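One structure coming up, written as structure tokens, with questions to follow.
Should a chain be cited, it is by its letter among A, B, C, D, E and F, assigned in written order, with residues numbered from 1 in that chain.
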Amino acid sequence: MKKKGIAVYPGSFDPVTNGHIDVIKRAIRLFDRVIVAVIENPTKKTLFSVDERMEMLRAVTRGLSGVVVSHFDRLLVDYMKKKKASIIIRGLRAVSDFEYEFQMALTNRKLAPDIETVFLMPAEAYTYLSSSIVKEVVRLNGSVKGFVPRQIEARLIRKLLTK
Amino acid sequence: MKKKGIAVYPGSFDPVTNGHIDVIKRAIRLFDRVIVAVIENPTKKTLFSVDERMEMLRAVTRGLSGVVVSHFDRLLVDYMKKKKASIIIRGLRAVSDFEYEFQMALTNRKLAPDIETVFLMPAEAYTYLSSSIVKEVVRLNGSVKGFVPRQIEARLIRKLLTK
Amino acid sequence: MKKKGIAVYPGSFDPVTNGHIDVIKRAIRLFDRVIVAVIENPTKKTLFSVDERMEMLRAVTRGLSGVVVSHFDRLLVDYMKKKKASIIIRGLRAVSDFEYEFQMALTNRKLAPDIETVFLMPAEAYTYLSSSIVKEVVRLNGSVKGFVPRQIEARLIRKLLTK
Amino acid sequence: MKKKGIAVYPGSFDPVTNGHIDVIKRAIRLFDRVIVAVIENPTKKTLFSVDERMEMLRAVTRGLSGVVVSHFDRLLVDYMKKKKASIIIRGLRAVSDFEYEFQMALTNRKLAPDIETVFLMPAEAYTYLSSSIVKEVVRLNGSVKGFVPRQIEARLIRKLLTK
Amino acid sequence: MKKKGIAVYPGSFDPVTNGHIDVIKRAIRLFDRVIVAVIENPTKKTLFSVDERMEMLRAVTRGLSGVVVSHFDRLLVDYMKKKKASIIIRGLRAVSDFEYEFQMALTNRKLAPDIETVFLMPAEAYTYLSSSIVKEVVRLNGSVKGFVPRQIEARLIRKLLTK
Amino acid sequence: MKKKGIAVYPGSFDPVTNGHIDVIKRAIRLFDRVIVAVIENPTKKTLFSVDERMEMLRAVTRGLSGVVVSHFDRLLVDYMKKKKASIIIRGLRAVSDFEYEFQMALTNRKLAPDIETVFLMPAEAYTYLSSSIVKEVVRLNGSVKGFVPRQIEARLIRKLLTK
């Protein structure tokens, strides 16, 4: 029988937020396996290295059976074929996300018609949460409790404030 | 083992369009069973009766293994509990859909936190297609080829033009 | 000295929801007096009469000093002049509200340039909450706990389910 | 030589506003002939009859050479073929218009690929102006100066207030 | 008695435009004191220094009693606590602003629940006006009359064209 | 007789996509002459030089009578006056374009009231297509067949992959 259920949740995760974790938990209830895949894009500057981002993702998804953390540096659909995954998971938060997400989903569909993008809605408390805003708040000495797990906040503080 | 895969695709389907059929086909690739569920709302005027709408849906989904057609007249989440379904399928076409869909999904989540709404993107050719526009075009003697299957067009013509 | 602070919060309130109450509480922290003003529009069908809607508003705003409940059946800006109010309060929830609200605010500004519309953001839990969805859920026997105060739910049940 | 320039500007015009007049003036600078075409839809209730709406349009476009006023009760593209027109004019005002307009334009393109829809932007003062809001303001005894020409205001008052 | 009315209007103001001035004038009619607060963000490149931006703001708000100009380099809500201000003023112009503004307002609300963000609508002539577009037009030798006060245009020309 | 029909289609075209070509073909059916005008902006980094972009545009518009390719480095409206052009062509694809396009169109209208911006809708297959996404896909070794003409794909590969 053809296995249906390998899904990939791609993203920068710089760093992972409670909104991402919420999406991962929803995805794993729907699909057999969820690969959280860090995008490795040498042209885009990130605060954390790919290794650090994967390490943080592993720490916060520990105990979620079926979730694995990985990374990729090629076309998402090529990576998925290699992994025999056929489902892309995306969290849809706001209208401003919507069109960019559709553009990506349509492009991926053209490149690989068998791959389906599935949009999930994070809990409303995370609707307007983003990695950028989390970094900005920490940079200005604010508390990001409720936005990221405690251990991620600790890492953000170490990275941003103790130079 | 807990069964993951029963999904419900609720809608008016007055009548079913190629856009709906596209979503059904995508859904059945993702989940074990898809119940296409016609909303029976006595306060909303429709062109076709619930029986006619189910009949048309059955005709166009014949051959799609795992798809069943049904109807409901209560709260969607109550209907789903009865059917042991935990996934709501919705096609997301345009920004104007987006917020209404989010409102419904959040309401359903509050009423039944274990039920997850999953958004799929229909083929772009169907992005702006709706049952209303199909009825309007037929009413004015236009052709809806490419918008609905031939047999649905025939039924629309009979209903709208041969009184 | 010219008094600054009389604000009017106009709406149908058919019935008042927790989202409306949230906006009223925010408004009264900003302005000296907030008149919650029920729109009396004979051409629009409502579930509750103007008197019932005012009664419910009074019940749920009891204890909020500075808040008064009233109604009007003319142009909002004419009503405000009579009341010597110069601020319109509106809750802004979602993109779909945005343009309608702007249309109303611009029209009011043209009719009365001295009146200012002030937009407040309800708590995110109420972002997608509306009176219509509350009525729909009650009609289908669902619980609206968390959407409206308990006494409003009781009245909805009496009105919608015990005929 | 094939004539390029016949454009049709379809609408309800119930009644014509300064925003519509602005679009007509822009259109006639671009195309040789502009047919302002009143939609005759027996299922949609309007305040003014088709004859009244055409009469008002003729009054306010008097002196605009190249503009003619007409009406149609069939599929827009069928009407255009009869008139040898190949351009549809639409005013684009706001995001909420956008998707509906795209839906219509795509439907028309599918029904008649040779017909092109051209979107113009009205003056920003008219961005949020609509026939509905004009009728609402007059109904409540407000002034619509600046929203419609004086003669249209007079007709609105006669129709709405002197029964 | 607790003082209600200190509001902060934060922004880059690089440089101040007629749209900003319009918002400031609306704000001061609503609140006792309005602090126009220039954001000092070392990681973001601006055309004018913080001192220059404050100087321009002071020049154009001279005569507006109750308005003071200042700057801050920390979390907005921390700055506000120091100033005993409890109201954030934001101009809301377009849908594209909307979600970013909501994200900021929700973040601030989480960091400081007592601080309320109030959205005002600038005059429609300024709806689509931004500091970036003003700089771009001046850079290409265009006139920005009507977009910024004359003295700001003079400074832009000096800064951008006379190197 | 005053000549109506010179239109300018400005853009970065870095590189030209099938979406741009679709808009050019629609525009030339409406207006006598269409100048495809490459924006020369020294502050914005592009992949291809102005000469390369013009060369590619000429290659793909060869055979489209009435279309000329050019470039400009000043204010668009100043360039148009020199060319005696009075119509700006823009392709309108999605809500996210909409407001930026309106901002540009309003700014141009203020700078030169006689110049009109005309929005066309590309074929839906190109709705979410952009030069950026094309470059990104090629960079990651994906095929952009259907997104750009074959010769443009070849040039992208040479530029991006054979260093």
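Please note the rule applied: contacts are C-beta pairs under 8 Å (C-beta built on N, C-alpha and C of every residue); 3 or more make two chains touch, one makes a residue touch a chain.
Predicted, not measured: the structure shown is a model, and the values here were computed from it.
Participant: Tell me which chains count as touching both subunit E and subunit F.
Facilitator: Chains touching both subunit E and subunit F: A, D.
Participant: Determine the shortest chain-contact distance, in steps, between subunit B and subunit D.
Facilitator: When the steps are counted carefully, the minimum from subunit B to subunit D is 1.
Participant: Which chain lies the greatest distance away from subunit E when centres are computed from Cα atoms alone?
Facilitator: If we average the C-alpha coordinates per chain, B ends up farthest from subunit E.
Participant: Of the pairs D-F, B-D or A-C, which one shares over half of its contact pairs with E-F?
Facilitator: B-D
Participant: Farthest chain from subunit D, going by the mean of C-alpha atoms per chain?
Facilitator: A
Participant: Validating interface symmetry: for the copies subunit A and subunit E, is the fraction of residue numbers used by both over half? Same or different.
Facilitator: Because under half of the interface numbers appear in both copies, subunit E and subunit A meet with different residues.
Participant: By how many degrees does subunit D turn when fitted onto subunit F using C-alpha atoms, rounded in steps of 5?
Facilitator: 180
Participant: More C-beta pairs touching across which pair, C-E or C-D?
Facilitator: Output for the comparison: C-E.
Participant: With centres defined as the mean C-alpha position, give me the subunit A-subunit D separation in Å.
Facilitator: 47
Participant: Would you kindly tell me how far, in whole Å, the mean C-alpha position of subunit B lies from that of subunit A?
Facilitator: About 30 Å separates the centre of subunit A from that of subunit B.
Participant: Measuring centre to centre with CA averages, how many angstrom lie between subunit B and subunit F?
Facilitator: Going by mean C-alpha positions, subunit B sits 39 Å from subunit F.
Participant: Of all residues in subunit D, which are in touch with two or more distinct other chains?
Facilitator: 95-96, 99, 102, 106, 124, 128
Participant: Taking all chains into account, which pairs touch?
Facilitator: So, checking each combination of chains, I get A-B, A-C, A-E, A-F, B-C, B-D, B-F, C-D, C-E, D-E, D-F, E-F as the touching pairs.
Participant: Give the list of subunit C residues in touch with subunit E in this complex.
Facilitator: Contacts found on subunit C: 4-5, 26, 29-32, 86-87, 92, 95, 98-99, 102, 105-106, 109, 116-121, 124.
Participant: Mind pulling up the subunit E residues that touch subunit F in the complex?
Facilitator: By the definition above, subunit E touches subunit F via 94-96, 128, 130, 133, 137, 140-143, 146-147.
Participant: Can you list the residues on subunit F that touch subunit B in the complex?
Facilitator: Those residues of subunit F that touch subunit B are 95, 124-125, 127-128.
Participant: Name, in rising order, each residue of subunit E that touches subunit A in their complex.
Facilitator: Interface residues on subunit E, with respect to subunit A: 74-75, 77-78, 95-96, 99-100, 102-104, 106-107, 110-111.
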